[in-house]
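Before we start, here is the structure in question, set down as structure tokens.
Letters A, B, C and D mark the chains in the order given here, with residues in each chain numbered from 1 onward.
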Amino acid sequence: MTRLLYFASLRALAGKSEESLELGGETTVRALGERIGKTSPKLGEMILGKKVMVSVNQDVATLDTPVRDGDEVAFLPPFSGGAI
Amino acid sequence: MTRLLYFASLRALAGKSEESLELGGETTVRALGERIGKTSPKLGEMILGKKVMVSVNQDVATLDTPVRDGDEVAFLPPFSGGAI
Amino acid sequence: MSTVMESKVRIQREDFSVTGEIEAIKKVSRNIGGIVTFLGTGRELSKGENITQLNFEHYPNMAEKKLEEIRVKAIADFKIIDMSIIHRIGEIDIGENIVLIVAAAEHRTEAFKACEWAIAELKRTTPIWKRETTSKGEVWVQDTP
Amino acid sequence: MSTVMESKVRIQREDFSVTGEIEAIKKVSRNIGGIVTFLGTGRELSKGENITQLNFEHYPNMAEKKLEEIRVKAIADFKIIDMSIIHRIGEIDIGENIVLIVAAAEHRTEAFKACEWAIAELKRTTPIWKRETTSKGEVWVQDTP
């Protein structure tokens, strides 16, 4: 199982804050984005268009970063911490 | 009477922290420095050589600034406030 | 080096004490001569809108890891003695504390540089998000770095 | 504008509270988003000498007048909301607070600039003197600006 996390504004787009997926073998962030796009077209588009940052096991990832069973993949909209 | 104030390291040179002088009419910071130099040669030299700042009534003065009866003249070594 | 009671980077719901954090960092060295702090607080106005409340969310563990990276890099790059970084999450009212960065150094120039760099770096690299509540509703702020 | 309980520039023997001064300046406006503070503290080392105590002296009234000039100019030149400046005099031990400058602004960049300028200006223009006590005796520090 691979755990997917949606933060902040992406929660409304995904319709959930997290989910667990059965990957059936190694895949990539890109393939994951395509799969998400089937149920959430706008979110899939943002992932593939690099409008959101993706992390795999809390390290910043690219579309080519491999994703394996047991990984934690997070979709991160632009940060806005730090007050002003 | 004119009040003279000596601060910090100048106190030891003047041998006092303050004194009152009878000027006998208007004078200048320069003339005051010459007069002080008679009893405290090193201090007089520093005043005339602009090694110390002089204020008249708490405003920064030059050697030509007039000094009158009732004025407060202070001799200020280089500042060192503000911690580091 | 005294025992560290609490971590120097923290993300927490509760408020923090600026004096308390400064006193904690002072214990690190007797050679601290300048301490620069940045305190970010909730403003009422944002792009002309009147804000009634703020709400912060973070990615647990990853956010703390990023703050620690900022702290370590600031100490190394700016030759400061120590730094602490605290960010609050959850509901924040106008005027309340949001984020605190404390940079302690022998001299003030490095402390100013390190503190200013750290808050910019936090905004750029740390997965924390702000939601503003105005009369028009709630909106997640999408800051461009 | 709330009633000002105490002056925003002060020279005093007793210690001050950083949190207290920050909370006081927060009351000035609900639009403060960034507060930068500089806290100067007593260092153990100075030019290789081990310091055991510091002692500060000021020119009463003239020093306060200079601090107020710095405050007014900082607010005008850097477009900040407010500033407070507090300097202690008398005996100060290692690690103790000496001087505090608090700059409150809508945004952080101006607050950093104003605070850094103010401490440099204080050192340059304000009649305050520091005496250091080391194993070799007491010496008035003659800083070159």
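Note that in this section a contact is a pair of C-beta atoms (placed from the backbone, for glycine too) under 8 Å apart; a residue touches a chain by one contact, two chains touch by 3 or more.
Values in this document were obtained by computation on a predicted structure and should not be read as measured data.
Both chain B and chain D are touched by C.
Each chain gets one centre point, the mean of its Cα atoms, and the points for chain A and chain D are 48 Å apart.
Centre-to-centre spacing of chain C and chain D amounts to 22 Å, using the average Cα coordinate of each chain. Averaged Cα coordinates give chain A a centre that lies 74 Å from the centre of chain B.
Across the assembly, chain B contributes residues 83-84 that each touch 2 or more other chains.
Shared contact sites, meaning residues of chain C that touch two or more other chains, fall at 33-34, 40-43, 106, 108, 119.
Chain contacts here follow an irregular pattern that is not a line, a ring, a star or a complete set. Pairwise chain contacts in this structure: A-C, A-D, B-C, B-D, C-D. Listing the residues of chain B that touch chain C in their complex gives 83-84.
Interface of chain C with chain A (complex): residues 40-43, 56-59, 61-63, 65, 87, 98-99, 119, 122-131, 140-145.
Partner chain B is touched in their complex by these residues of chain C: 33-34, 106-108.
Interface of chain B with chain D (complex): residues 5, 7-9, 55, 58, 74, 76-84. Per the touch definition, chain C reaches chain D in the complex via residues 17-20, 22, 26, 30-45, 94-95, 106, 108, 111-112, 115-116, 119.
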